[in-house]
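In what comes next, chain A is part of two complexes: it sits with chain B in the first one and with chain C in the second one.
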Partner chain A sequence: MTDRRIYVDYIARTEGDGAIDIVIGPNGELKKARWEVWEPPRFFEAFLIGRKAEEVPEIVQRICGICPHAHHIAAVRAVERAMGVKVSEQTVLLRELLHYADWIMSHALHVYCLAAPDFLGYESVIAMAGNPDLLPVVGKALELKRLGNDLIVLLSGHEIQNRTSVVGGFTAVPAKSDLEKIKERLKAAKDFAFETVKLAAKLASQPPYPDLVRKCEHVALHDVRKYAINDGRLVSTEGLDVPDWEYPVWIIEKHVPACNCKHAIIKGRDSFLVGPLARVNNNFDQLSADAKKAAEEVGFKVPCFNPFMSIVARAIELVHSLDACVTLIDWIGEPKFEEPTFEYKAGESYAVTEAARGICCHGGRIDKDGVVQKWDIVAPTARNVYNLEKDFQEFVPKLLHLSDEELTLKCEIMIRNYDPCQSCATHSLKVRLHRER
Partner chain B sequence: MKPEVLVIGCGNLLAADDGVGLHVVRSLKECKLPDGVKVIEAGCPGLNLLDLWDGVERVILVDAVMSGAPPGTVHCFDTSLLPPREVMPLSSHGINVIDAVELGKKLGKLPERLLVVGVEIVTEEAFVEELSPAVAAAVPRARARILEEIKKMLPAG
Partner chain C sequence: MAKPKIAFFKFSSCAGCQLSVLNIEPVLLDVLGAIDIRYFVMAKRENHEGPYDIGFVEGAVTSPKELLELKKIREECSVLVAMGTCACFGGLPSIKNYSGFSQKELEEKVYTELWDLKSFPAYGIDYYVKVDYYLRGCAIDLGELVTLIKSALKGIHPRFRFHSVCNECKMKENVCLFLTKGKPCMGSVTAAGCGALCPSLNRPCEGCRGPASDCNAASLARSFVEDLGLSKADVVRKFRKYAGNTPEFSKGAEAV
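Showing the complex of A and B:
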């Protein structure tokens, strides 16, 4: 008797290195279903100790090239909270605009370059662009991604890491005329975002995906006044509702063997999901009118517990992000330069933001001279690893009729549903499928 | 104003020889360059390459190469001669330079002239900032080659 084993090392089209290892016994029982995050730990939390508080937001954005602003804004807010620094309304709005620009870039990249090739059966977006029908779509997707990047550059002075947002505010603000120009591009991109929702819904409606539903707790930031991205309470589909700074009290983490990424559970309960699907499930009412309309048009209903629908949620958030940016630009009006100021004060606090792939938490303790005594960082993928393994446990037994090759691809799609960023998550892509025959 | 010639250095300075493209363009910046030449340190730009060279007609990409040639060999080739994806290590995650060039070709977003100046490397060990001796010794040679190619690319006079 031999086991059937699916093993994928170096999962493509995700950030960082990890592997999938699945072992199926002779009677179809699942003996092992692991997502091993290999990406080496990078010890950010350790080397932040002894740094000055204002350096933390500057350093932590270097954790990731895809969601630097999620890390930066969580850290800057945690520092400001710990030291009791108040920032202006303009700063709050500019940070939101910066983070939405990051979502546009990241979501356009994920939907078209990382996820769509899976669903359409292409090895990569390059192979996908080989299809003359899909080539113009790829071109438009890259333009949308570019739009996100251009807005990031305008606000932050850099393609990836921001150079302007600091503890206390912004060291430089964009000109109104430049914001107005980009606003026209944001409006013009809406049609393509609507098309993206339709495409995503079509992809996720192919069998077997609609049948792969697994109810689990979905966790997101929530704000009654607006779609939460940089601030809000931590809520869930199972009734969690706590201030974001209480994050470490409610989310418990543990180390597991063969994985550089910790597993996370909600205190007293089990694994949970974060990311666009969790956000849309918890915050549907706060989406822009057009984003809700796009959801309705494709028959997307909340709550939705099908992780393969994450691509649809991501596309709905693209529509919302474009609308949100336009609104924010209107609210900001003519940006005025305000000198960022702060004073050192001893304190301890946490803050949570919604990275494109889910909640991102930073926080720690600062002494009276502004020196960091302790710093915790929890990236979204770290929260999703354990939940993904539960997806494997639920879905792999339903897909045993597939060939090893097809089953492997489905497992990879299950991982990419989470748009994982393994580089961020380490503190791990290979799929290894092993079936006993 | 779009530059006449754009030199783009790629690589990761924290992965030993992988960063050689950046070492080369940094040393290039110390030279007196003709007007109309712009040098960018792009790191691991992925698909952003298509945006970086948007509207520029002549581009030189400087990067690390692993082809089996002796370490420090300076390669210079047109993108029509680009090796298959797995030969060049390039970006640490996801989309590498070869992918960007292939996609650019399909989208009609390649510069008229796209030259790769590559340096054969030994190691991509993470968290190492120094180049291997053979690769470090190749930096001035790669720089000289780029200067020569810039001269050929710029219109006479």
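Showing the complex of A and C:
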């Protein structure tokens, strides 16, 4: 009897370079279950030392092309907190609108281009588009993604890297007439977002997914007044409730024997999950009325500890994001130009935002001349690595009857549940993972 | 005509330029119908070995593994495109080359398990292999991406601009941020093609598209110090950011 090995050297339809290595012993025991991040390190935390404070948000948004705004806003808030810079209510609302636009783009991308092909039996969305029955859906999905992108461009000048948001505010603001135009498109997109929730629920209800439940701690930002995205307290399904700037105290990395990677745990407890499922579990009450209605229609109930339901949580957040953008545009009204200003001041602080794929933490120390002395970055995917490995340990033994090919796909889906961005993960993981030859 | 075989590769980068390929939504399905994507791990599960007609490479080269892959990719691709500022010039990862820390010190600052770390200074891909076309920008300009794909389909050279961002700024009738507002704008030494994106949004150009042809970076660097009162360290930070590896921007960093 020999070991059975599932190995994927380059996981498709995720951002960045990662691998899966699973070894199953002759009696079905799991000998090894690892998610290896192969992204080359870029040393952001090191080369930020000596840069100017106002450069940090500009530079760190380039850690990840899929969630640049989560990195940017966490960093800009950390810098402003450290230097005691106050920003206007309009700036807070515009940043929120920008980040929700990013969620619309990212969630539409994930649900339709990265995740749906798995459930529908296609190798990619390109192949899906080749089926005349699916082509209209793909077309609508791209329209929805474009809507997110158009709002991002309107606010920040560019689809990927924002040009307008800086320490102290925005260098340019959109015209009210343009915001109103996009508001109509956001409203019109709601029907398709509802359809997306139904589709996601249908996909995730196929066997064996409904049986794959694993309870673990779900961590998210929380704000009693609104669905938390850029600000709030760090809370969890196990009772964590602390200010976001205390994340370095509560989220710690533990070296695990016989493993070359460090694992993120909540102080005194164990692994945890971040992302849309964690957010919906912790913040269901703050979702928009229609998002709650969409959840109810497909029978989605919180708390939900089935990681395969992440795609449903993401779709529910799509409905919520469209509503949130409409509300924000109404609140913003006629944007006024305000010259962003700040003064250098020595200080140290931290801040957390909710990237589409989970909490994104930035912070550090700045000297009196505005020069960075230390910068710490913790990206969502780094948080989820240990939790994913626990999913493998729980679920792989339940799926041993599948062929290697099927089991491999299921393991890939387990990773794609987290919508990982491995470029993000690398530099902050502080790990090197070893591939057994 | 057979559909050109296309491949997308990623080295040390944020994946934003690859994502840009999926951000041309209005024409995406048309483009996908006209080309044959043979390798694109971020978007596809079924990927195929070369040779390819056109290879797009995103990211800087920072490890021995990437260097070996790059050399193989060059052999497999008839046309090689550096996609984005990281692949063109080293991009933001190249800041580490001028951080004042040695590679050993950089590694110790970020990682604890150093035994398996293999990283070297970050350069653009043409430091190692011949590159046929450059898509500049952090991230790339979608218009230029579509222009390049269209040109490839027609078998003609894409027409990219290498004059400075100033030209595009003037065509947009923007107020000059440098001369009238005293902001340290790098538009006069940076290659156009972005439509003067940042200055049009009241933000000084940071040079993300790399040097314009015949740029005088040394003169701009001195002007930053003498006319705008920037410190020497500030000027060095400006020129050693997106394209600090280029001889042109090096002259700017070394002029003060």
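The rule is simple: the second predicted complex is superposed on the first by the 418 of 437 C-alpha atoms of A that agree within 3 Å, B and C clash if a C-alpha of one lies under 4 Å from a C-alpha of the other, contacts with A are read in each partner's own complex, and residues count from 1 in each chain.
By our rule, a contact is a pair of C-beta atoms (placed from the backbone, for glycine too) under 8 Å apart; a residue touches a chain by one contact, two chains touch by 3 or more.
Just so it is clear, the structure is predicted and the values come from calculations on it, not from any experiment.
Trainee: Report clash or fit for the pair chain B and chain C bound to chain A in the combined superposed model.
Mentor: Aligned on chain A, chain C clashes with chain B.
Trainee: For A:R51, select first, second, both or neither according to whether it touches chain B, chain C, the two together, or no partner.
Mentor: Touch status of A:R51: second partner only.
Trainee: Return first, second, both or neither, reflecting whether A:N149 touches chain B, chain C, both chains, or no partner chain.
Mentor: A:N149 contacts both chain B and chain C.
Trainee: If you tally the residues of chain A touched by each partner, is the higher count for chain B or for chain C?
Mentor: Per-residue touch count on chain A favours C.
Trainee: Once the shared chain is lined up, is A:L186 touching chain B (first), chain C (second), both, or neither of them?
Mentor: Touch status of A:L186: no partner.
Trainee: Contact-wise, after the overlay, does A:Q161 reach chain B, chain C, both or neither (first, second, both, neither)?
Mentor: Only chain C is touched by A:Q161; chain B is not.
Trainee: Taking the superposition as given, does A:A101 touch the first partner, chain B, the second, chain C, both, or neither?
Mentor: neither
Trainee: Of the two partner chains, chain B (first) and chain C (second), which one does A:V280 touch, if any: first, second, both, or neither?
Mentor: Neither partner.
Trainee: Quick check for you: in the superposed arrangement, does A:C113 touch first (chain B), second (chain C), both or neither?
Mentor: Touch partners of A:C113: chain B and chain C.
Trainee: Kindly classify A:E123 by the partners it touches after superposition: chain B alone (first), chain C alone (second), both, or neither?
Mentor: Touch status of A:E123: second partner only.
Trainee: Does any part of chain A touch chain B in one structure and chain C in the other, and if so which residues?
Mentor: Overlap of chain B and chain C footprints on chain A: residues 13-16, 40, 65, 109, 113, 124-126, 129, 135, 138-139, 142, 145-146, 149, 159, 423.
Trainee: Help me check something: in the complex, which residues belonging to chain C touch chain A?
Mentor: For chain C paired with chain A, touching residues are 10-20, 22-23, 25-26, 28-29, 32, 37, 41-47, 62-63, 65-66, 91-93, 95-96, 99-101, 105-107, 109-117, 119, 122, 138-139, 142, 197-198, 200-203, 206, 234, 237, 241.
Trainee: List the residues on chain A that touch chain C in their complex, please.
Mentor: Going through chain A, the ones touching chain C are 10-17, 39-43, 45-47, 49-52, 55, 58-59, 62-66, 68, 109, 113, 117, 123-127, 129, 135, 138-139, 142-143, 145-146, 149, 157-161, 163-164, 166, 171-172, 260, 262, 412, 421, 423, 427, 430-432, 434.
Trainee: In their complex, what parts of chain B are in touch with chain A?
Mentor: Listed in rising order, the residues are 44, 47-48, 50-51, 93-95, 99, 102-103, 106-107, 126.
Trainee: For the complex, give me every residue of chain A touching chain B.
Mentor: For this pair, the touching residues of chain A are 13-16, 40, 65, 109, 113-114, 124-126, 129-130, 135, 138-139, 142, 145-146, 149, 159, 423.
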